[in-house]
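In the two assemblies presented below, subunit A is common to both, partnered first by subunit B and then by subunit C.
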Partner chain A sequence: MIELLQLFGAALSVLALATMFVLVGRRVALSRRERRRARLEAELRPVALALVDGEEVDLPRLGTAEARALAAILGRYARKLRGEPRERIATFFEERGDVQRELRRVRSRRSAQRAAAAFALGDMGSDSAIEALIGALDDRARDVRSAAARSLGMLEAEAAVPRLVGSLAEHEVPRAIAGGALLAMGSRAAPGLRSLLDADEPAVRANAIELLGFTGDASDADRLDAALREDHAIAASRWREFAEVRAAAARAQGRIGTRRAAGGLRAALNDPAPFVRTAAAHALGRIGDRDAFDALARQAGDDLYDPAQAAAQALAAIDPVRAMRLGGDEGASPHLAEAAALAELEPA
Partner chain B sequence: MSDDPRTVLVADDDEDILQLVAFRLERAGYTVVTAADGQQAVAAAREHLPDLAVLDVMMPGLNGYEVTRQLRADAATAHIPIILLTARVQEADVSRGFEAGADDYLRKPFSPAELRSRVQAILARRSSVR
Partner chain C sequence: MRDIVEVFGVIVIGYFAALNLIYIGFTALAWRSITRYLHSLEYAAIDEALASPLTPPISILLPGYNEEAGIVQSVNALLQLRYPEFEVIVINDGSKDSTMQQLQDAFDLVEAPRALRGTVQHAPIRGTYRAARHHELLVVDKENGGKADALNAGVDAARYPYVCAVDADAIIEPEALLRVAKPLLDDPDLVIATGGIVRIANGCTVEDGRVTEVRLPSSRLATLQVVEYFRAFLVGRVGWSQLHALLIISGAFGLFRRSTVEAVGGWDHTTVGEDMELVVRMHRYMRENGKPYRVQFVPDPVCWTEAPETLKVLSRQRRRWQRGLFETLWRHKRMTLNPKYGALGMLAMPYFIVFELLGPPLALIGYLVLPISWAIGLLSWPFVLAFFVFAVMLGQLLSISALALEEFSFRRHPRGREILRMSVYAAVENLGYRQLTDLWRGLAFWDLLRGKKSWGDMQRRGFQTAPTDQLSKSN
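So, the complex of A and B:
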């Protein structure tokens, strides 16, 4: 029995030693590979910079590792550049056949391959990938859809706006990725977002409105105002969805910041949904609407916690002196006192 | 461009951006000094007294706004024109940059040609004022 245990112990020791050797060997190999990659990148960086800058480059004959290193540098540069340098990077990848290769890989049977290809196509910056990437938003794998959304944002693909907003509304792609992709397009996304303001689904409308707050301009104020006044009398089962549209419209008006929005936002302080009143108060504070002061003071005094707090912040931003006076009164509600305290922090 | 090349300080914690900006500005005839974070940027500005600084907003340690404030607060560096490089596009962030004392801002992803044009424009404006 003892011999058997000794034998078992020895076997375990051998196994542990073998595992250790494998791990050390793997670590050495990885660090060697990393050093080689860093050396190659250092050698090829001047070539990549010259290519991006539009200089005539006599590209040396590249081995597989060199070509991969150069593509990695250019892919990283593409994420940080726009304009002609990005177009040059796209041309480089198109001429090498890399775009075609990734377009084939995006139809691979393995989802990891499809996701990697969708991601790489964004870095390559070629518009020829847009159609395939929009198609990849319907992929059954979430990773593939996410990579496609991110790449469409990088390509500033206006044609993808409606589908991206749909992905956002249906939670097919993480909110941060789909939203980030649309924001990356900036004002180029605005026309597509405007076309979705009449969409049937309230979730699509709410997301389009929210994003229009970042990418739109003062010309959107009237349509956002209409969204803010959408009928409150909706069947109870869908009440929240429609209220989300109004809240998004209030936030968008606040971000765009035109004074034309003030009337609708003041009316929204009477909205039955507390989160719409919260959004309206914040927006009025951003716009600095003095006509809303009394209504906001009432909201800060009487309303539920969130709308009252938002009203307090708005009061401090709109008229710090009046807010201090109001909140300093004996018997002022906690949120009016908060408004006074916040007002003291406002720059004179 | 005068015979004496103008010096531009470029500060960014992203090495790729640093290389891209430095390469473009060097090709345009500027001498470029680089810094990888906010503290290095302040130190480099005090040491080299550049003609212009291009600062990333989101840097570790001191961010671009804070570097701008420190340069503005120091008599030796207060005059240096500053361009902020920012991935943030909200109006509040842009106005925060101007409040800190920046002269211009450029949104990331950026166009190297546009950056060069802005650098040239600001330096030309400064020369004509002097």
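So, the complex of A and C:
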């Protein structure tokens, strides 16, 4: 028994010592590699800039490390560029066969490889990757789906809009990434989002409406108004899902900011769902609808915390002077008093 | 006597074997989990989340009692966090020093009423204040009620759906809020609480409330804690989070869904372990109401904090932690070995009772029994020595593997020679330091018997700031 303990003790101490040496050795190797990478990037930066600027570049024969460093620089530039410079970067990667290589890698058996490839394809900026990336949204690994969504946003791939909204609604891709990808497309995403306003699933409709609020325009007001008035006489089990559609419609109307939306939003102040009333009050404040003042004042005084708070803030945005007067009254609701104090502190 | 010692010896050896097998299992689990996390981080699109209007807003709660020395710096640092939309709620918990005056002078506060939710109990609020230059700042001045009570007042005044509790003396990295919120962005319907890693700032250079240079402390005691924290956070919390049974989110930096905090009644001000107690209560509430949920540890977002540099203060801190652990486990004892609570009831609660709560007194008795066994001829001296050396070597290997985990993942200590120093400390922490912390934690039972309730003073030396000439050069 003693011999066994001694043997194990000795083995453990050797293992501990070996781990210590590995840690120190690895740190030295990493520092060297980092210095080399920084030196290569410094050398290749003028070449990368010339490529982006469309100058004739007599590209020297690059070794693996140099090629990787140049690809890293161009990938970083591609994230910040649009238009012709970005197309030049895409052409560079296509001509070198890098896009084809990543398209093969996106079918790899290892999820880490697939995710890395899906991410790199976004940086390469080549439209030829769009189809494969849309396919990658069905990947079983969440990382791969996320990388693909982010890259589709970078490529401004309109064809991917319905699938991205579906991913968003089904939580297949983190909301910030799928939503961010759609927002990155800007108004180019709007037609795809509009086509989803009649989708059967309320979650898909709610997400499409939410994003249309950022990418759409005044011409969407009528359809959003219809969504805001959607019949809520539905099964109790799905009550919240349908209310989410109405709340999203109210927020979208507020962001688009057309006065045509005011009537529907005023009606929504009577919605049975508190978060719809909250969204409607915020939206009326953004639009600056003076006709809603009395209804908002009632909501600020009587409603639950969040809708009352939203109503008070809307009052301060619509008419700060009147809101200050209301909030200063004896017996004013705490929300009105707060809004009045804020209006005083932050004059419009 | 001989039989008793013999039986106890078997228990100690069995206990030792079980504990170390669990540690080894957790280390393997942590390696797997952190490797995956690092991969996912590459595609996490943190910058996109920062720019996204879809990222949920957060109310940061900063409770402070007698924090005149650093409160302004802490608030300024929080106001500079990288996050799309947030508010900072400073709760002055009836400070007797000039904390309130410091805030008043630095931010030109103006009294402004704030509507309260009225969902959690707390001591009366004396006034609420806004700053004209910082619309996202709210100062709540209230009567003293303790940290938990102050946090509850913050929840009551919070505007947003998530609240982030931060210690007044903690330094949160600029991107930490975004990173700790990542699970919420991924699964907003499921995640109710997340927490980040706490690292030790002693020895680091701090400028304007930010750590600008990471260095190991000059104090040996603080350096030992650096290594100890790697094991606790990178191995322990990552492992429990993987098993969906994370019981602790550090009080220094934790993010919570506000509605769930309200549903369970907020932080409990009658325990010194209010951070752990809240998390256990949230677990319990969600389980008892059949709601799907997740409490997650994120190993990346960093909160820097000052570690005790004297034995006296460290002893007080460890005794208090142990008391808090006991109070939480005792209050929620019905969860233990109750399958209704899943991995939490069947694994985490028993583990914390057997190894974290009873471990220190058992270890202390073990240290006594080994020589007694030798003295009465039950064990030979070579066996006692071989067992002790084996135990120390195993402890060293586990500490070094936690250090390796840090080195292969986040590598926050950039200086090569510090790796060597940390390795040495990882090796020696099992010779004396571990035994000392076991002694303090064992003494916590004496505190419990005496009915001790107080927190005790945590004397702080303050962070090391950059030399003034260096500051002027950087400006």
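Convention: the second predicted complex is superposed on the first by the 328 of 348 C-alpha atoms of A that agree within 3 Å, B and C clash if a C-alpha of one lies under 4 Å from a C-alpha of the other, contacts with A are read in each partner's own complex, and residues count from 1 in each chain.
Just so it is clear, a contact is a pair of C-beta atoms (placed from the backbone, for glycine too) under 8 Å apart; a residue touches a chain by one contact, two chains touch by 3 or more.
As the structure is a computational prediction, the values presented were derived from the model and not from experiment.
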Decide which partner touches more residues of subunit A, taking subunit B and subunit C as the two options.
C
For A:Ser195, using the defined touch cut-off, is the partner it touches subunit B, subunit C, both, or neither? Pick first, second, both or neither.
neither
Name the contact category of A:Leu183: first (subunit B only), second (subunit C only), both, or neither.
both
Go through the superposed model and pick first if A:Ala115 touches only subunit B, second if only subunit C, both, or neither.
second
What is the contact status of A:Phe214 with respect to subunit B (first) and subunit C (second): first, second, both, or neither?
both
May I ask you to decide whether A:Gly257 touches subunit B, subunit C, both, or neither, giving the answer as first, second, both or neither?
first
Scan A:Asn270 for contacts with subunit B and subunit C and give back first, second, both or neither.
neither
If we overlay the two complexes on their shared chain A, which of subunit B and subunit C does A:Thr19 touch? Say first, second, both or neither.
second
The shared contact residues of subunit A with subunit B and subunit C are 183, 214
So in the complex, which bits of subunit C are touching subunit A?
39-40, 42-45, 48-49, 51-55, 110, 112-118, 130, 132, 135, 159, 182, 185-189, 380, 382-383, 386-387, 389-390, 393-394, 396-397, 400-401, 403-404, 407-408, 416, 419-420, 423, 427
Okay, in this complex, where on subunit A does subunit C touch?
1-2, 5-6, 8-9, 12-13, 15-16, 19-20, 22-24, 26-28, 31, 112, 115-116, 118-119, 142-143, 146-147, 150, 153, 171, 174-177, 179-181, 183-184, 210, 214, 305, 308-309, 312, 333-335, 337-338, 341-342, 345-346
So, in the complex, the side of subunit B touching subunit A is made of residues 14, 16-17, 19-20, 23-24, 27, 89-91, 108-114
Enumerate the contact residues on subunit A facing subunit B in the complex.
45, 49, 52-53, 73, 76-77, 79-86, 183, 186, 214, 255, 257
